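Okay, so chain A shows up in both of these, paired with chain B first and chain C after.
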Partner chain A sequence: MASANATSPAGPSRFWDRLNISTKRLIWAWAFLALPILFYAGIRFYPTFQAFWLSLTNWDLLRPAQFIGLANYQKMFADPIFWKVFQNTFLYLIIGTPISLLISFVIAYYLDRVKVMHGFIRALYFLPYLTTAAAMGWVWRWFYQPVPIGVINSFLSTLGIAQQPFLRSVDQALISILIPAIWAGLGFQIIIFMAGLRAIPSTFYEAARIDGLGEWAILRKITIPLLKPTTVFLVVFSSIGFLRIFDQVYNMTTNDPGGPLNATKPLVLMIYQTAFSSYQMGYAAAQTVVLFTILLIVSLLQLYVLREKK
Partner chain B sequence: MTAITETRELAANRRDIRPGRIIAWTLLLIGGLIMITPLLFMFSTSLKTSGQVYDLRLIPAAPTFENYIKVLGDGRFMRWFLNSTFIALTVTLSNVFFDSLVGYTLAKFEFRGRYFIFLAILSTLMIPTEMLVIPWYLMSSQLGWIDSYWGIMFPGMMTAFGTFLMKQFFEGVPNDFLEAARVDGLNEFTIWWKIAMPMVVPAISALAIFTFLGNWTAFFWPLIVTTSKELYTLPVGISSFSAESSIQWELIMTGAAIGTIPTLLVFLALQRFIVRGVMLAGLKG
Partner chain C sequence: MFTKAKMAALAASISFLALSSAQAVEIEYWQYVFDSRVQAMDKLIANFQAANPDITVKHTTFPYADYQTRVVAAKVAGQGPDVVQLFYGWTDQFVNGGLIKPLDPAVFPHDEIESEFFPIVSAMKRGEDYYGLPTAVRSLALFYNKALLDEAGVQPPSTLDELLAVAEATTKRDGGGNITTAGITMDMAGQDHHWWRETLIRQFGGAPYDAEGNVAYDDAAGAAALKFYTDLQTEHKVGLIGFMDEGQAAFRAGMAAMTIDGTFRLGAFANNPFEWGVVELPANAEGLKSNYSSYFANAIGATAEGEELEAAQKFLAYISSPEAMEIWLATVGELPARRDVALTEANLADPIRGPFLKGLEYAQTTRFYDEAAQRQTSIDMVNRVLLEGQSIEDSIAQAAAAEQGIIDAGRQ
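For the complex of A and B:
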């Protein structure tokens, strides 16, 4: 009895003791990584390949997926709505990124020097970043209503300016949706710019001042060049954000998602509708591959720009 | 040397009282107030009756909590609030645990394949969520995960961003501490949990803030994977509630306010902490 009890627990422990230290550490390392490897393989890599595969099929949830080659891509590139959506997606990016970066840099540049009520003013700019886009979409939607409901139009009418249709107009709707998206992201960009500004050693500024450089020259010759890594990071981060815009558009145009006349529809909303309203899963997968390709190009451009500097 | 210091101080003083400074400060304050105008109007309207909605004064003539009683009355918002809190907390804990563990292993263990695994995990940053939702949806419907908490949570249980962030910080932990613990006979798990983790608390809090905020405001995947209202998260609930309420703006603003108040309270309590966390994650990530 006693001897049987003694050997069985000693078995594995003696085996463990016999291993040398580096083998033990190897076993620990793979034990730590086991579950994460399963996770990344099953929930990141496998679905990625599956998305590529599904984009070559006609899967519609009802019948099993059948291989149809590049038919989905042909259909997509022949679809005028896709090109409209493609254009919208890039409009969000091309208008949103420069404007939001310019505003946040100017604010960060001045806010960095403010000492009186610094925390309070910073909080004012940062608060919108903590809001939920789905909720804020509705707040802004209300802002854009015609008089007597809408805040902006009421303000315009007290100034004697003509009412604007905003979300109802094919020309203004996209910008009207972009404004809350820029608004919500500014706080993050300002904080990151301020962190970047603080990382510049003050000796650079001191040396420049002794050399008699003015504020503008210091900004151009020292601050902006040394801030380049921060700027590149923010350009890529916000570009990806605008290319993936969805929450604001979905919530601000619920009665005609992406409308009026697809004037505001971004790629992600088209994917959502193709997959979860019309259940054309294969076709939607092909659209996600296009999104993936665009985002990949943006990320590679970042790597290229950063490498050039070194 | 002293002469230079003196001139610099003089120059600094001169700069500080320049009228340009005061103008810049005033403009910054005005800009900041404009930034929170949508929030102010949201709160203000949530305190008005439907008859007062057209009165656009910021301070309601007769503030009332009627809308809050109405919106919170049927318990839906409470449920969505609890769903969101549970989901965001669980996913955050999972990320803090696993991202740290993987980051630590990749930073502090030497073994063949380490670099490959690091690159493989890092490469998933290039894959947008939108590309994975269709396979995830298929997976969830096959495994019965549609309309469940697990279905909402599983895609985010670990992230490459968090792993990368934690790896960066664990690389700064001196090996001597870990070796000393090894000599004392602690096992590797205990060394990680008891010795290494306490040394990267700032990074852990940055990761926790980002993960919590990201999951608290997440909309796209929860919208896809939930079908019954009991399982909606707060953003999905607000969206569906607002669409139902058509033009009852005072109710819509109340719903939006209920979704906004918790994060604002947390922020006011932890402002310095959160701002530092965002800086840390943004710079290292």
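For the complex of A and C:
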């Protein structure tokens, strides 16, 4: 550009001068925006649309993809395992999100008032969030073992309570995996909640106390309503997290991933297995489209809730 | 003047390069990462290059988890290996995907293959063609913890009834009836599904698959075999699926008296802090024995042509030779795939290798279409009985239908 301008100043520079200031600004803005847009188009959007197309083919990596219409979707909706997995995915969401938000709010609410060793306690809560999910999954997997090595079962048997199967049970396994997943996410949610609590002006509380409001009323009328933006953010953030749960499940059930009997298998794990263990890329793409749709709906709900507030 | 001289030098060096590339062939060999296998292959490559100075072998390895994906991706990119290692159960996928080419019968005569290798090599045959040759093969055996058996005053079992008796004698339980030392490990995700499929079903009078390769275990024999297995946990309480997380972990920790595992476990068990031994898989009351054998074979990549193909054939012949098998046995511990190299006096008398080698004589090799998915059907079958209380017959019928579905899909 610079050398082109230097050798022939007439043509291009005159064209540039003729533009008015707002057009120039627009061009500059688009020039800067073009880079991330091109990047996103190539790295995100193109593969996303490619996945939609793949979901209509029978691609298996080895042979060229053939268009097979909606056969993958028919197969998926007729597959009882898919519906089991679909149900699991929503169980992770429906149980995980409210419980984790409730616990983290309660902890943040009281931790906010603790002055002694405040930083240390906060660090303790935040620590699991920094730990690799895989490492944590394996530690918890051993916690849940039967006697003689499982910590929880050894404790239960010393109390004279029958040992529990935990991960080896179709009823308990999902909850057993959710507990460490919730625990791991608590630290982050507590920090965000505390930031939200701190952001509420203390004058509101002073005024309420002068008016003679009790603690419970202050919580209901002031704290919770003013925390709404924080809560909405955390609901969406943790919902997406639970909808995409994978690490904990995979690491706690590697011998029989998502087992026993698909009791713990989330959609992401099913996609992984279909794609990289059975190499049915087309079928996996169809499952991905379903996951994409679910995540899209959750995100649109977030936008709707936020807009309503303003 | 100067540039002319330069040009001449350049031209000369180009022609020299072209000449030398015509003389020296480089071929690429691919396998997955496993320390002792990589060491053994490096040794074989060094020997091969010393004998064939005009051929260089480039040794490339990938983690096991994405090995297949890499091979497939390389094919898509048109840069496949010249000689590639594959699990026998992947042969259909590799052949259908055009990743490997059949062995030239002029270089690898069929009658020689069939007379010199163990019969399980037939799992590499599709139609009239062999698609690969193994260096080493694996089989199953019963590992036992000598200290625990001595403590209970029992001898390693040779029949299924003895197996139950030994397991009962060696199981230890706490006051609440929970197992603290298992008589035998139960791990369907490990090798037990092979034991059930190829050994127990046959020992109870059935066959896992019919002549066409369709599922044939949905009958009384299959049910009896499944009942024998699940009874270990429910009836005799001598084992527990998930005890110590994995069967091999329980055995290694000295908390299981017996476990069924393969040759590939010998390395991991070598440093066990107790004395252990190996016996053949127990026979049934009539003395019928069966075993499961598997192997990784080496095949020639579909992209190898001309002199690279020739070099690849030479290399494949060398790594399937008796000499290579001796090196592999010494370095990796896997059994030689040629009968006369494997079944020597010294090997058969070896207390560890002996039982595995004897197992090879009567071993079966399952024709897998999707090994992971087919194994999953067996895991689920046992879990339905143990965790959901489904009846043996219903569970086996459901497993048979699911596995047949995988086989049908694999044939398309």
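Please note the rule applied: the second predicted complex is superposed on the first by the 272 of 310 C-alpha atoms of A that agree within 3 Å, B and C clash if a C-alpha of one lies under 4 Å from a C-alpha of the other, contacts with A are read in each partner's own complex, and residues count from 1 in each chain.
Simple rule for what comes next: contacts are C-beta pairs under 8 Å (C-beta built on N, C-alpha and C of every residue); 3 or more make two chains touch, one makes a residue touch a chain.
The shown structure was predicted, so the numbers you read here are calculated from the model rather than taken from an experiment.
Chemist: After superposition on the shared chain, which partner residues are touched by A:Leu130: those of chain B (first), chain C (second), both, or neither?
Modeler: first
Chemist: Under the stated touch criterion, which partner chain does A:Phe276 make contact with: chain B (first), chain C (second), both, or neither?
Modeler: After superposition on chain A, A:Phe276 lies in contact with both partners, chain B and chain C.
Chemist: Between chain B and chain C, which makes contact with more of the residues in chain A?
Modeler: Touched residues of chain A are more numerous for B.
Chemist: Is A:Leu62 touching anything from chain B or chain C once the two structures are fitted on A? First, second, both or neither.
Modeler: In the superposed model, A:Leu62 contacts chain C only, not chain B.
Chemist: Applying the document's definition of touch, where does A:Pro148 land relative to chain B and chain C: first, second, both, or neither?
Modeler: After superposing on A, A:Pro148 lies in contact with both chain B and chain C.
Chemist: Taking the superposition as given, does A:Leu19 touch the first partner, chain B, the second, chain C, both, or neither?
Modeler: The answer is neither, since A:Leu19 touches no partner chain.
Chemist: Contact-wise, after the overlay, does A:Val139 reach chain B, chain C, both or neither (first, second, both, neither)?
Modeler: It touches chain B, and chain C stays clear.
Chemist: Indicate the residue numbers of chain A shared between its chain B interface and its chain C interface, in ascending order.
Modeler: Shared contact residues on chain A: 142, 145, 148-149, 276.
Chemist: For the complex, which residues does chain C have touching chain A?
Modeler: 66, 68-69, 72-73, 75-76, 93, 96-99, 174, 176, 178-180, 187, 189-190, 240-246, 255, 370, 372-373, 376, 379-380, 383-384, 387-388
Chemist: In the complex formed with chain A, which residues of chain B make contact?
Modeler: It comes out as residues 4, 8, 11, 21, 24-25, 27-29, 31-33, 35-36, 38-39, 41-42, 45, 53-54, 56, 98, 101-102, 104-105, 109, 111, 114, 117, 120-121, 124, 126-128, 130-139, 154-155, 157-158, 163, 187-189, 192, 213, 216-217, 219-220, 223-224, 234-236, 238-239, 242-243, 247, 249, 252-253, 255-256, 259-260, 263-264, 267-268, 271-272, 275, 278-279, 282-283.
Chemist: For chain A, which residues are in contact with chain C within the complex?
Modeler: 61-63, 141-142, 145-149, 153, 157, 160, 162-163, 165, 167-170, 255-256, 259-261, 276-279
Chemist: For chain A, which residues are in contact with chain B within the complex?
Modeler: 24-26, 28-30, 32-33, 35-37, 39-40, 43-48, 50-51, 54, 107, 110-111, 113-114, 116-117, 119, 121-128, 130-140, 142-143, 145, 148-149, 151, 154, 180, 183, 186-188, 191-192, 194-196, 199, 206, 209-210, 230, 233, 240, 244, 246-247, 250-251, 254, 268, 271-272, 275-276, 281, 284-285, 288-289, 291-292, 295-296, 299
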